[in-house]
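Each structure below is given as structure tokens.
In what follows, subunit A forms one complex with subunit B and a second complex with subunit C.
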Partner chain A sequence: MTRAKRTASTDPASPGRGLSRRGLLGLAGASVAGIGLGVAGDRVALAATTTLGSGSGAGAASASMVYPFYGSHQAGIVTPAQDRLHFAAFDVSAGVTRAELIELLQDWTIAAAAMSAGRDVGEYGAVSGPYDAPPQDTGEAQGLPPAGLTITFGFGPTLFETADGVDRFGIVGRRPADLTPLPHFPRDDLDDGRSDGDLCIQACSNDPQVAVHAIRNLSRIAFGRAALRWSQLGFGRTSSTSTSQATPRNLFGFKDGTANIKAEEPDVVTDQVWVSAADGPAWLAGGSYLVARRIRMTIETWDRSILREQEAVFGRTKGVGAPLSGGTEFSEPDFALAGREDQPLIGAAAHMRLAHPTQNHGTKMLRRGYNFVDGNDDLGRLEAGLFFISFQRSPTQFTTVQLNLAKHDALNEYIRHVGSALFAVPAGTPDGGYVGAALFA
Partner chain B sequence: MTRAKRTASTDPASPGRGLSRRGLLGLAGASVAGIGLGVAGDRVALAATTTLGSGSGAGAASASMVYPFYGSHQAGIVTPAQDRLHFAAFDVSAGVTRAELIELLQDWTIAAAAMSAGRDVGEYGAVSGPYDAPPQDTGEAQGLPPAGLTITFGFGPTLFETADGVDRFGIVGRRPADLTPLPHFPRDDLDDGRSDGDLCIQACSNDPQVAVHAIRNLSRIAFGRAALRWSQLGFGRTSSTSTSQATPRNLFGFKDGTANIKAEEPDVVTDQVWVSAADGPAWLAGGSYLVARRIRMTIETWDRSILREQEAVFGRTKGVGAPLSGGTEFSEPDFALAGREDQPLIGAAAHMRLAHPTQNHGTKMLRRGYNFVDGNDDLGRLEAGLFFISFQRSPTQFTTVQLNLAKHDALNEYIRHVGSALFAVPAGTPDGGYVGAALFA
Partner chain C sequence: MPRVIRSARLLGVSLLGVGLLSGCVANNPTGESVALTVESSADGCTVSATETPAGAASFSITNTGDQVTEFYLLGDDGLRIVGEAENIGPGLTRDLVVQLAEGSYFTACKPGMTGDGIGKAAFTVTPSASGTVVNTDLDAQVDTANENYTSYVKDQISQLVTGTDAFATAYLAGDDETARALYAPTRMHWERVETVAESFGDLDPKLDLREADLEEGQDWTGWHAIEKDLWPNDAEGEFEPYSAEKRAALTEQLVTDTATLDANVQELSFTLSQQTNGAIGLLDEVATGKVTGEEEAWSHTDLWDFQANIDGAKVLYAGVRDILLEEDPDLAASLDTEFAALQTLLDAERIGDGFTLYTDLTPAEIRALADQVNALGEPLNRLTAALVL
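Moving on, here comes the complex of A and B:
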């Protein structure tokens, strides 16, 4: 399906729904004359929009893939990991009230649902009138199918904090006990400007322009209510979240996420990913916790290490990704199996041993990370790494594994954690509702 | 075709060719024991590598696309513009001699030809032994087809300058008369750290991981001989260079490059893109000049301008991209046609008027730019824009148009040129040669 203007007011499935007046003001910025006051523009749908990618590699099947925004869980978690990412964290602006925060979430919901379906933001969209108002959609996704776009929202610990002693949103008492800032891990080298945030949005798509378009338009809708704190593009997924996907490689050249939770394991997903009603708080049931870590890789140093060392560090072969204890990629590792001088073939400091559920009380996470390269630093080294994202039923799952890794992982010689954030991800939104409504109920 | 180890020494088409000892040292860095001294590793080709993208959107057709590296012109110029870009500029390190520079170009040629064909760098590649040496290829492109990878090399003006009064490479006298730094244009706001360079490499592919892999491995091969000066990823092409491609949109939401030179116009390409033998110098015949400009877009301000203003700025409709004088996307604009109050429908300051060949003595350029978003700035504005690349027979073509734009373009209110570079792009390399050999002949 190709992108068409949103036709909310004539769509029987969503009668009367549209952006709030404040949301429309956000789109209009300082020059608000005329917007929302009538149908002044050409409402004929943009005809015959062309789909890019004919010579580009975006297969028609995946380009036209659409995941519904509304549902019992948010999309973008167990959804088969799309190829590209734009992630953004926001801070709610000073002076914003509870009602205004709710209105922002309502506006974001409407816009996210529209974009997920391949529609423009706003009643008039990107390219038709009113000509004396800013377009409601920025337009760079015109003609592009959603390419599997998912938009996933989260709430950071600071959203639940008082500001100048005031419970500004009336939700201080509803903060999940688990939603506290992550502990400081050994070797953490965090940049405040790449960490934390009151709100987050993860936009994933097989077309990066579609993911960028989503974050840009949601940022714009938030104008005056929430401001971008930090953001990150990821050019290639490093995890599979479905058995239908091949395992991708990280920038160390190794397959990553072989043992990841897969959507096809519903019992594991239930056990490890979704917050249950019993876990509490009730408003978060059906949701999850999102951990984001910006992990800078010192790839130049890594590239000078010998192959034997590289494989020892991961505990897997670099080619097929088999455990060093033998077998093929998906063979279970044998951590006891010893080789020369009775040393275990998978060393005590090997990444895959330390991260393995058997070494962490059975803990798993659903990983959804992306490779990134953001230019280079002043020394001519590529600013490259892994933007790690994981979803889990409790932040403790991440903390358990990360403490183990931060202390012992042989990989630490080659990586630095430079950004960190934790968000509570509410359950999915029923059609007609808004994301996180249960928090304010 | 999927990626396999390079088998130079057993490949009759390339007898005995391989990286120089210095190139191999670059790969090995400080720990060089054993490398290049024998066949110590497993030479069995990595069997059954899986191709990513089965669930990801990379159609088999474009993923498996292979453009030959060797030819009369360099690939990556009239090649149909691929979706993703990694561009890098390098400075040759102090103390490097003419012979060492030539050796670097030879090593780059061999590696670029291998990667363009979907092969690893080096005789042993990424994942087989020798186990006591660093892998010759970094490995993150294992299992990925080249997805139309092209690698294009250029020489900057500074390569032809003396260092401390010494003609270090013996090429000062061979500098093309046209290869002088671009003039300062009105409103230029250039960052040295994003400008210029002795050498450049443009890597384009429909798979960003493949483009990143190319730049990374070529940077690595250059270790000790040339260092990365700046680099830029582009996530989406903004130009079509073939009539088979749909016109993409820039981050202002407009179709870009509608009137671009297309590969299917060989006379125009010959006239506007390739340096002729008569143009001089002889070593550059069959080559071109590459201009790169990092153009930051103030998208937040743009997004608040009204649709009428946006269309007036470009001189085209935002929807189908038709000239404001009427017609459809590919209609010729009528710059004289007047509307209300006898004002021309395409205004005097409209971008498309000022950039049009008829307003620039018939000058055209082959544009090959990319959209970028590099996170956000401290004010929460997306660090977004257009990484403009153009190829032309003479830098004067760019300078003519850019002077016109810099002085008058209505778009200037919304953009800033923050990076700039010019490179002479030598002709293509015959099989068995190396890129730029004519310069040193």
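Moving on, here comes the complex of A and C:
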């Protein structure tokens, strides 16, 4: 397939019909092209049947959950954090034109909308296409409900201008002033191969196979136009983004994200998460900034540290997650309350103190991180950690807090930041549009 | 490198070690701990039972008052502290696990952490079915161990001062070969007492900060800044050797900061838990920085630091080993074995007075060292609980 063919015009306004162009081009010359039309598997319908027998437990409820792809803000930000993550960063391939980039975004939009709704990718889906053509959908999500799948797209600084200063797509003038690489923080040990990227996709679902299916198919659609730079699986959420969710635990065994921004706080979300029209640039209004940090944990050392130290490091109890100043999990910490020798119960270097909004000029972020264990390293240690994701109105919210943490956090002895990326997340896509259309308007 | 928590370990828990051993008994190998609850309210201190059999007992103390509270288990004189749980915030529950010998005790709470405490009540430990052995008073042994370690720290820092002077003289004179030869052996004095040196939060970053740990705009001083200049071939391509002025400034700072460190350690004293946690901290240093080859990015003399951290941990362990033999001989035997096994691996890498460079180690050798650090780490980290409870 040549690039010239892919630039043929298409109608992105028919999202419900799947990924038309690539599918049709792939079938060029196949006489049976029309047969399977419209019968691509509708996994939601299948799921409705298959989950009937499994009772009305929370599992069944989360499995049948569908979040619409189209809307004023992208899904996957204030959406109650799903249990599983597959995150991917892409680099746009050499020689790709502005029109081809737009076309990729259009194709991604159509596919993402279909998968979010529980449908296969493409008109023919996984098994209904021509017998002599590769299936349009990779097929491993057949029979699985979307389980709350959300697919969130972002644009990295290098999309606007490469490191060499090249404006490949005529958008450097639209680059947000805040979209510059994050500064070097003390103790950063970043791996280029796990950092940055022109584009990113965050796929979250309560079913890990559904999240992987999403990245796999979007990656496949991008072949020739954008290639995977790095990707990260997360097996357990470490934040709650809704008051309806219990606070989960990170791999240190502590509750994480107790003081997170919650969807039920619309004023805080508006103030701290969404870029306003006044912030500029105009195309990013209603969007946000995504910071991703791959934080490796030395859990072997942590596991043999004494409980006294573990609680002192976090500033919370390990059991219920209460601040060491007393109360229960959601009690406001009293940073001044002193114990023995007039030392504050929540130490000066406690993670919770340093990250708390009151210690950072009121700065908050919407955190949406995930636990990961990617096998083990050469020293026989689990390659474990937290894939930190935060959404904020400005990257300075993250840098303010992270500078504070990088300099003083007692937790630094047990963690290391090994990957880092920043993306501008455009606003939601109206039905019939494509993600980021305002940037290219 | 700066380790904030070390200072917490060394300073924040300084009361723990004092006198807690008195009245302890040998670990009861068969006994499961008896669970007791304590409610510390604004005006009361209610314990769920007034007696328990000898052996392990677990007090789960809930603070139902609105002030920070403490719980004490006192000896039969009503003064000697057998066990305590401090800094319990309002609404929180904390467990105190103690080994109790048969005898008479008192329980008391201290909401607000001032005064004589309230709700002081008699508490009896009855004979256990299996029988337990009361240890002799170990206070004197603890005092000796603490004094010995204080002397060791002062001696190491004193040698660091002498060694740093010689290193500085060579570096300043442009005698890089001598400076390189002195670099790792001199740093060993620092590494042997690294957890103590790190407890001085402002000095540690000035003396031992790695380039990766710098924040933007921060001045880089200390050993590793000079290390990079002494091994320029291992630095990145655009690295420019330091000017004579920069060498002079770095040298002066190094000597001055080391002298300050020397002055500071003269005032130090240590408790038992500071010693045991210091040993644990030194091994953590090995596990996170040395066995990974990250400490000495250009000189690759990580094994010198490795050996020195282990030297320091062994000194700390040796100081409390006699006490441990009475408290938990199995743990002592395990530590003896694992320390020896680690030393065997290190000895295999000795070349003359030094060691194999980290970059010359095979992956299998690195892996064997890492595995043995873990093997030692697990029993070593039980040391505090075994001795201080």
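FYI, the second predicted complex is superposed on the first by the 378 of 441 C-alpha atoms of A that agree within 3 Å, B and C clash if a C-alpha of one lies under 4 Å from a C-alpha of the other, contacts with A are read in each partner's own complex, and residues count from 1 in each chain.
One rule holds in what follows: a contact is a pair of C-beta atoms (placed from the backbone, for glycine too) under 8 Å apart; a residue touches a chain by one contact, two chains touch by 3 or more.
Note that the structure is a prediction, hence the values are computed from the model and not measured.
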item: Touched partner set for A:300, first subunit B, second subunit C, both or neither; value: both
item: Which superposed partner A:408 touches (first subunit B, second subunit C, both, neither); value: second
item: Partner chain(s) touched by A:245 [first = subunit B, second = subunit C, both, neither]; value: first
item: Partner chain(s) touched by A:322 [first = subunit B, second = subunit C, both, neither]; value: second
item: First (subunit B), second (subunit C), both or neither touched by A:337; value: second
item: Partner chain(s) touched by A:193 [first = subunit B, second = subunit C, both, neither]; value: first
item: Partner chain in contact with A:378 - subunit B first, subunit C second, else both or neither; value: both
item: Which of subunit B and subunit C A:158 touches, first, second, both or neither; value: neither
item: Partner chain in contact with A:93 - subunit B first, subunit C second, else both or neither; value: neither
item: Touched subunit A residues, subunit B compared with subunit C; value: B
item: Interface residues of subunit A shared between complexes with subunit B and subunit C; value: 300, 304-306, 308, 317, 319, 378, 380-381
item: Contact footprint of subunit A on subunit C as seen in their complex; value: 3-5, 8-9, 12-15, 63, 68, 86-87, 89-93, 113, 212-216, 218, 277, 280, 284, 287-288, 291-292, 363, 366-367, 370-371, 374, 377-378, 380-381, 384-385
item: Parts of subunit B lying in touch with subunit A, wherever the complex brings them together; value: 27-31, 46, 50-63, 65, 80, 82-84, 86, 88, 126-135, 137-143, 147-148, 193, 206-209, 212, 215-216, 219-220, 227-233, 235-237, 242, 244-254, 299-300, 303-308, 310-311, 317-320, 371, 373-376, 378, 380-382, 384
item: Complex contacts: residues of subunit A adjacent to subunit C; value: 183-189, 298, 300-301, 304-306, 308-309, 312-313, 317, 319, 322-328, 331, 337-341, 343, 345, 347, 349, 378-381, 403, 406-410, 412-413
